[in-house]
Each structure stands twice: as C-alpha cells, then as structure tokens.
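What follows is a pair of complexes built around chain A, which joins chain B in one and chain C in the other.
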Partner chain A sequence: MKKVNTVKSLIYDLFKDYRFVVAFIIICIFILLVILSFFSPYNPQRMYQVPSGLPPSFKYPLGTNWLGQDVFWQLTFAVKNSLIIALVTAFFSRIIAVIIGILAGYKGGTTDRVITTIGDTTMVLPFLIILIAISMILKDWTNNFFNLGILLAFFSWAWDARVIRSQVLSLREREFVKVAVLSGMPTIRIIRKQLLPHVLPIVFTTFINNMSWAIGMEITLAYLGLGIDPTVPTIGTMLQTAIYRQALFMGLWWWLLTPIVTAILLFVALYWISVSLSEYLDPRARFQRIGFGK
Partner chain B sequence: MEKVLEVKNLKKIYSIGSIFSKVKITAVDNVSFYINKAETFTLAGESGCGKTTTAKIILGFEEPTSGDIIIEDKPIQKNKFQDFRKKVQAVFQNPFESFNPLLTIDDIFYETVFNYKMAKNKSHAEEIINEKLKAVGLSFDEINGRYPTELSGGQLQRASIARSLLTNPSILIADEPVSMVDASLRMSIVNLFSKLKKETGLSVLYITHDLATAYYVSERIAIMFRGNIVEMGPVDKVLIHPKHPYTQLLIESIPEADPDKKWKRKISIADTEYTEYLKTGCKFAGRCQNVMETCKKEEPKEVTVDNVIVKCHLYNGRRA
Partner chain C sequence: MSFIKRYLIPRLIQYVIVTFLGLTAIFIFPRLLPVDPVKQQLTQYQTFGVYVSPEQQEEIIKTLKQLYGLEGTLWDQYIMFWKRFFSGNFGPSLSRFPTPVNQLLAMALPWTLGLLSVTTILSWIIAVIAGGIVGYFRKKWMEAIDILIMIIRPIPYYITALIFLILFSYIFPIFPLGGGIGVGRTLSFNLQTILNIIKHATLPALTLLVVGIAWQFQSMKLIVQSIQTEDHVIYAKTAGVDEKNIVFSHIIKNAMLPMITQLGLQFGGIFSGALITEMVFTYPGIGQILYDAIMRADYNLIMGIMCISVVAVTTSVLFLDLIYPFFDPRVRYR
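Then we have the complex of A and B:
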C-alpha cells in the first residue's frame, strides 16, 4: 500500500514539470513508431517498391525517397534500430560503470587508485578519432547493432563510474553501512542491499544521457559512412543516404528533414527526461521548482 | 576480575600530504587500557583527540599501525573475524543514520540474527528480536515493517542498542550514543546502559565528551588528549579530584546553570589541532597553566598517583 502511494506521488511530481510531460509524449510517439515497424508492408532494405520522389501525401505520410522507399516506414525502422544501439550502449556501459564505480569507492586504497587511473585514461582518449579508426579497420565487425553498442559502451562508462565512485565513497562512511558490517553481512550483500539502492537514481539518469550520446555517436559515424551498413535504416544512415543522394538539390526536403527532425526531437526528449528526473532526485533543485509548501 | 577487552600499546599513524611534504600524525599514541566484565569504561576528551579512532580500530574498521587488541584473552585473528564481530558490537552517534533509510528497520535485525546463525526459522528469529527489544523498552510491532523516518530519535537509538545486543556481545562500544538525542532521552538511554550492565553483565566502552553522563554511568574513566591517555582511573577520583591540568580544564569548562557563577578561567585556544598533534614533548604544553621547560622537550611518563595513572611532569618526582 505504501509502495503504491510513493509511486503515485512520484508520477504526480514528475508530471508537474512541463518538460517531463512533453518529453514523455515524444517518447510515447517514438515507441508507437517502433511498434508500427513490426507491421511494415515493405522490407526496409529493398528499393523501388513505391514510386520515387513523391512529396508527403495521404498515402505516403512523409513522402517517398529517390530510391523508391516510403520514408515513413523507413523512419519506423530507423527509430527502432537507433534505439536498440542506444539501449545496448547504455545497458553495457551502465553495468561497467556500476561495477567499477562501486568497487573503487567501496574498496578504496590501491584498488581505487588503479581503477581511477584506468578510468581517467579512458576519459582523456580522443574517442571520436579512435572510434573512426576502429570502425574503419573493423568495418565488418562494427556493422551490427550489438557490436557497435559495445564499442560505444567502452568509451562512455568512465564518467559515470566516477560519479558512482564518489557517491559510494560518501555512503561507505555512513553509519548504516558500518552497522551492516557489524551485523555480519558479507561484502557482496552489503553492496547489493545497502549501497546499490542509493546509487540506482544516478544510474537511471545517466542511462538516459548515455542513450542520447550513443544516438549522436551513431549519427556521426554513419555520416562519415562508418558503423552500421548504410542500407539498414537508422537515424544516422537515413541522414547519410539523404545527403549522399543529394536530396536537397533534387528538392526532396522531406527525405532530408525527417531524420533531422527525428534526431532533434529524440535528443530534446531524452535531455528533458534526464534533467527533470535528476532535478526530481536532487531535493534542493526540486524545492526551488515546486516550493517547500508541498 | 575478568578482563573482557584489553588494548595494548595501540598506535595509529596517519600520513597527510603529498609525496614531497608528508606529515605523520599520530592519532592514537601508545594507548593501553582494559575493561572488566560488567563494567562501564569511559573514554572522554575533546573533539579530535583520537577516541573515535580508537573505537574504529577496536571494531576492525581501521588497521592499527601497531599494538594488540585482546578480546576475552584471545587476540583478534583475521581468519576468525566473524566470531570476533559477534563479541564486539557497537552503537553509533546518530540514530537517524544508523538505519538504512531505504530499508525497513526489522531488516537489519533479521540480517544480524541469520548472519550469525542464531536462529533456524523466522519465528525463532522473531522471538530473539522481541526479547532484546523488550530489554530496551520497545516491542517488535513498533519496528516491524517500519522505515527509520517513522520513529523518533529516542526509539531509533533504543532499537540500535537492541540490534547490537542481539548477538549477546561481551563488549558494547558506544560511540557518543547520547550526543544526538535530547536531554530528557539522554538520561533514559544512560539508565538503560546501567540496567543492562546489572542484569546481563554487559561491558560497555562508553565514548563521550559529556563528563556528566560519564560520571553517572561509568566505573573507570580515561581522559584522552591528542592521541594520549593523560589520566586514567576510577571515575570519582578522576572527576572529583582531577590531577592532570587538562582534566582540570575540562571539568572547569562544564557550564553551571547559575548566572552568578562565571567561568573562572578563560579558555584559550592558542594552537590548532594540527600543530598540537605535531608537538614534541607534552602536547598540552601550549595551553597548560603549569607549563615548565621540560614539558616542551620531553614527553611525560605515566605516573601512578593515588590509584590514578597520570601522564604529566608535575607528578614526576612524586610516588604515591
């Protein structure tokens, strides 16, 4: 009963923030697109299935492109695939960040120093150049969602591991952790039961940030003709194909604009969700916005 | 009398600063004391005098630089740490911090009982928990399924004491257990310690800066200053007839509820904690009224005067 009430008040507080509401609606629309992709009448990789170069109409909501593909149905696949890459990246980098952050924070000493050094090294690597180099050399390996996701995850765990480490460093000194040690709990259980619930809010907000970072990186790589196979629609490859096939010169603005608007909407939605969530989780910021009187 | 806990020549050195300017601070310097069965021993002193560090070392949260800790005639062994944890339990300062705010209070009680394999099933565990909670004046229904924010500070501190009693420890380390609860509850918790001592023969290491409750609850007392025990002995001798100038200063700084009485001595803080720790000779020399030339050079030796161990040059020539 109590749990239900907390969830209720959490949703109530979050929906007070217009940014969260807008972001939530956008994300819902994108999820709808993902679901629609399973009912697509066309194979996204085949060309010349519809008349090419038609402007948006009732039959083709977002028009068709020069390759004879329906842009709307292409978009449904693109959103799905981009989100898969983002989720894989965020999921794996979160796992690395949580394990490493907690280990460094809780163990301290030499373990901490070694791990922090590795993390700092990863952080200062010029990751864009390395990503380009790797995806050029291992072109066949990086052209599926899962491998690209893992590659991106490897470059994005360090910042958040640092945040989690600092959180655990302060948690470790709190009395309830000492009481847990005195109650004979093994270290693994202390981490899982006493520390992890306190760290989870950070994991959630950084998860969303990491997703938008991964989408951005995928677009960057695709624009350079790297990463995912260009015939597989993602937001990045859609954009790349449109630019490569000179959509603008041919006046097919809907072809070019669709991935751009989608990317912007997705970034805004993810950013607003992460901001409103972290503001909700930080009591000082929350009080500034909704006031003390609640 | 049986010694439950004995601390021998305990030393803890912290290194501060970078590689180029390392400064070693001896937070606990050759501290030795013992606690008998069914006895309350107080470790008193101002903030930053090393009393909490001593407690942390005894609890195994910090590694001592040197020295031994002997529990019931057995030194602590690393491989039998679980047995040792069962014998030494602690109550901390802040009752609101002693329980995880995201878990219910009964959770840590069950954890303690099952981790030390004291009960086989849940109903047996509940029996043990209820028994200990009754000893501190609570009942199981008051904590069952409740979060720490739902209880008052006094209730939480009692619950915290009950949790530490679950394993039937031979010694309880109480690190400023009453400094965060208000005055009326302070007495009830101090009385609880006396009651437990009488009924179950519990030994308590009572760490505090509050000399009034220390006098009330304990048999023997040690006054710490900058890592050293400067005076140790029976509580009525140390607190009624203080010998070390620092103890005298401490007792004079207890304010009395009488507007006509002014504080006699002006308390001057000439040095920072840091410089006092680095002093050679007597660390109190910077503030002492009876300071002599030798105080600044030589570290005073322990002298027994009238059943009380004093570490001061004033008593060097004398023998009781």
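Then we have the complex of A and C:
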C-alpha cells in the first residue's frame, strides 16, 4: 500500500515541474514515431519511391527529399536508430562506470589511484580526435548500431565513475556499511545490498545525460562521414545527407530543418528530464547537472 | 616550501603522467589502421601511370617507411615516436607532400589559439558575472534567461554552429560562409585585413561563446545558490552591506574557485568543440586541417594534430591548476 502511495507522489511531484511535463510530452511523441516506424510503407534505404523534392503536404507531412524518400517516414527510422545507439551507449557505459566507480571507491589504495589516473587521463584528453581516429581505423566495425554504441560507451564512463566513486567513498564510512562488514557480510553482497541502492539514482540520471551525449556524438561523427553507413537513416546521417546534397541551395528547407529540429527537441527533452529527476531525487545532486563538458 | 611539495610537485607529476598516457594512446591507435600508408602511396604512383620496377619498389617502400617512422619493431617505432615528438618533427604531410606537418600546424595553430583563448576567457567572465547576478537576485524577468539557457545548454557544438551558419549566412547573409580572411587575401597589417578577420571569425566565435556561456552559467548559478546560504553572506546582508558589493566581493569572488576547476575539467570538451566549429565554418585552424586529414587519410598530419591537441589541452589544464593558488589562499598556505 505504501509503495503505491510513494509512486503516486513521485509522479505527482515530477509533474509539478513544467520542465518534466514538456519533456515528457516530447518523449511520448518520439516514442510514437518509433512505433510508427514499424508500419512504414517504405524501405528507408531505397530511393525514388515517391516524387522527389515535394514540399510538405497532406500526403507527405514533411515533404519528400531529392532522393525520392518521404521525409516523415525517414524520420521515424532515424529517431528509432538514434535512440538504439543512445541506449546501447548509455547501458554499457553505466555498467563500466558502476563497476569502476564502486571498485575505486570501495577498494581504495593503489586500485583507486590507478583507476582515478586512467579516468582523469580520458577526461582531460581531447576525446573527439581520438574517437575520430578510432572510428577511422574501425570504419567497417563501427558501421553497426551496437558496435558504435559500445565504442561511444568507452569514452563516456570516466566522469560518472568519478561521481559514483566519491559517493561510495562517503558511503563506506557510514555506519550501516561498517555494521555489514563487521557482521561478516561477503563483499559482493555488501556492494549489491548496501552500496548499489544508494548509487542507483546517480546511475539513472546520468543514463539520460549519456544518451543525449551519444546522440550528439553520432551526429558529429556522421558529419565527418564516420560511424553509421550514410544510407541508414539516423538523425546524424539524415542531417549529413541533406547538407551533402545541398538541400538549402535547392530550397528544400524541410529536408534540412526536420533533422535539426528533431535533434534540438530530443536534446532539450532528455536534458530537462534528467535535470528535474536529479533535483527530485537529491537536491544536493544538483551539482551533477553542472555536468561534464562534452 | 610545503606549498611546492604538497601542491606543485604532485600537479607536475600528474601532468607528466597524463600527457605520457595520452601520447602513448595516440601512438597505438593509428597503428591499428587497416590502411597501410606506404601501400597507399605506392598505389597513388601507379594510378599516375608511373612504371616502378620491383627493385625500385623495394627502395621506395624502404624510404617511405623511414619517412613515416614505420621502421623496425613496434618498440623501435615507439622510441622513434618519442624522438620525433621531442624534436618536434612529425615528418611530411601525406596529402600535401612534401610540406612538413610542422609547417601546416604552425600555420593553423595561431588561428585556433586566437579563437579559442578569446572565446574561452570571454565566455568564462560573462558566465561568472551573469550567473552571479542572476543567481543572487532572481528577479522575475531573469527567468526568461534561465529558460533560454536551459534550452541552449544541451545542444552540442555542431548543431549550434550549423544553426548560426544557416541563419546568418544563408537566410540573412550578414557574415561570410566560411574561411579565415576571404579568398585571395594575404595576411598583412592593415585595417582592411583586420576587419576581414573579425568578420570571418564572428560566427565561429559566437558559437563557442554561446555554448560556453550556457555551460558555465548553469554551474555558476548553482554554486552561487550554495554560497548564498553561507554565514558570511548572511552576516553581510544583516549588517546592511550594499547588495552590489555582496554580489561582487562576497559571492562572485568565492565562486570563482570552483568555476576555475570546472573550466579545467571542461577544457577537453571545449577544445573538441572548437575543432568541430572550425570545420563547419571552414575556419583555417586545426579543425580545418584535421577535417582534410580525415578525408584524405593523412597519417602524419593526424598524428601531429593529435599530439599538439593532447599537449595543448593538458598544458592548459596545468596552467589553470597553477593559477589556482593565486585565487585561493587556502591552497597557498596549507
């Protein structure tokens, strides 16, 4: 009974925040687009299926592009694919961050120092250039949502691992953990039962931030012709195709504007959800929203 | 003495370790490239229709390997890499053979440094002052700024740059589409050239400023909100100190320290963002030659850019760490 009430009050509190409401609506629209993509009448990779270069109309809600593709249905695939990359990245980088953060924080000593140094190095390096170099080297390998997601995950755990580490460092000194240690609880069990529940809020809010970062990175890599195959629609490749085919010079503004507006809405929605969630979960966690400059 | 021992030396050691690890990573990555630069160069000769006899080919391969530092075992190459790094000689560029990489970097670096330093310092100062004032006073009309920042903050550099390019170069053609000083002009010291440089740098600088301010404004506001509840501020308020005085000498002064730490942590991201922005505006800095190098798989040039970038970023962060004690007496006298 109590649980139902807390869930109710959680939802109630969150919906009092206008940012959460706006973001929630935007995300719902995007989820709808993802669902629609399964009912698309067109194959997203085939060209010249509809007349090319038509402005938005009732039949083609977002117009058609120069390659004879319906922009609206392309968009549904793009949102789905970008979200898949984002989810894979966020999932794997959270796993790395949690393991490394807890290990460094709980073990301390040399382990902590080595891990912190490696983390600091990856944080300080101009990661973009290294990411570019790796995606050039592994061009065929990253041509796949899952692999690209894993690659991005390897570049985004450091900051969050650091936050988790500092959390664990303070938890370690708390009484309930000491009681657990003294009563002979195995380390794995302490981590799972005593530490993990306290770390989870951070994991959740950074998960959303990380998704947003991954989508941005995918777009940037697509601009450089790296990452996903340009014929597979993601937000990045859609934008890149429109730029590469001179959409603006030909007056096909709907072709260029669609991915830009989608990207902005997605970034704002994800950011607002993470901000309102982290403020709700822990007012002190506001400092996280400062975020790591990516 | 204790300051040097406890603060300076650990920082310097950290600097050396981080730079060393970063550069080692750079050495390893390109060697995983499936593209063999030597073979690539040979095919290029063949496509020009030059006949190369097998003996000559051997000779060419040997020379090229020497040129690109691909001789001997991996360990030998690693030693060579450090020798090259310390002598500051990254070999010739592949795509613009035989121009040395050094020369290309030397040509591009001033552009990037100029753009980056001006925008970073300016955006930091604006964000600290604006964030301090908005965070402290919290007037009704300031909420508009808040919402605007909340919208700009999550948008990455590339999209921001693109929006500025479309808005102010295509739709309202106020600024040029790209470039550094315009076609056919050479660098010289006269008013016309300087005006041209400013005109070309406005949009890239605006992009970096907007994103930088949005990032730091957020942090500043949060820091201010926590300082506001500290005893010395409450005391100053009850003692009737002028509000302006409180904001500038009690709040902003104290918030500057964490803001410098923030800047150090974000600098890698800011640097990467500057490169992307330069690519979008074809601004003749490091970002632009990096774009060229990626498109033409220019091995040496990418190496040179990566080395320069790592050293530039780690050194900037070290520099921030070293000026920290000037702002914080607690670090100085510990």
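Please note the rule applied: the second predicted complex is superposed on the first by the 282 of 294 C-alpha atoms of A that agree within 3 Å, B and C clash if a C-alpha of one lies under 4 Å from a C-alpha of the other, contacts with A are read in each partner's own complex, and residues count from 1 in each chain.
Keep in mind that, in the parts below, contacts are C-beta pairs under 8 Å (C-beta built on N, C-alpha and C of every residue); 3 or more make two chains touch, one makes a residue touch a chain.
This one's a predicted model, so the numbers in the text were calculated from it and none came from an experiment.
Trainee: Once the structures are superposed on A, label A:194 by its partner contacts, choosing first (chain B), second (chain C), both or neither.
Mentor: first
Trainee: Looking at the overlay, what does A:267 touch: chain B (first), chain C (second), both, or neither?
Mentor: In the superposition, A:267 contacts chain C only.
Trainee: Of chain B and chain C, which one touches more residues of chain A?
Mentor: Comparing touch counts on chain A for chain B and chain C gives C.
Trainee: Please work out whether A:117 is in contact with chain B alone, chain C alone, both, or neither, and reply first, second, both or neither.
Mentor: second
Trainee: One more residue to check, A:176. First (chain B), second (chain C), both or neither?
Mentor: The answer is first: A:176 touches chain B but not chain C.
Trainee: Could you give the residue numbers on chain A that contact chain B in one complex and chain C in the other?
Mentor: Touching chain B and chain C on chain A: no residues.
Trainee: So in the complex, which bits of chain B are touching chain A?
Mentor: By the definition above, chain B touches chain A via 59, 61, 82, 85-86, 89-90, 92-94, 97-103, 108, 111-112, 115-116, 160, 163-164.
Trainee: Along chain A, where are the residues that touch chain B in the complex?
Mentor: 174-176, 178-186, 193-194, 197-198
Trainee: What part of chain A is in contact with chain C in the complex they form?
Mentor: 19, 117-118, 120-121, 123-130, 132-134, 136-138, 159, 212, 216, 219-220, 223-226, 239, 243, 248, 256, 260, 263-264, 267-268, 270-272, 275, 286-287, 289-294
Trainee: In their complex, what parts of chain C are in touch with chain A?
Mentor: 14, 17-18, 21-22, 25-26, 29-30, 32-34, 150-151, 153-159, 162-163, 166, 170, 215, 218-219, 222, 262, 265-272, 275-276, 279-280, 290-291, 294-295, 297, 302, 305-306, 309-310, 313-314, 317
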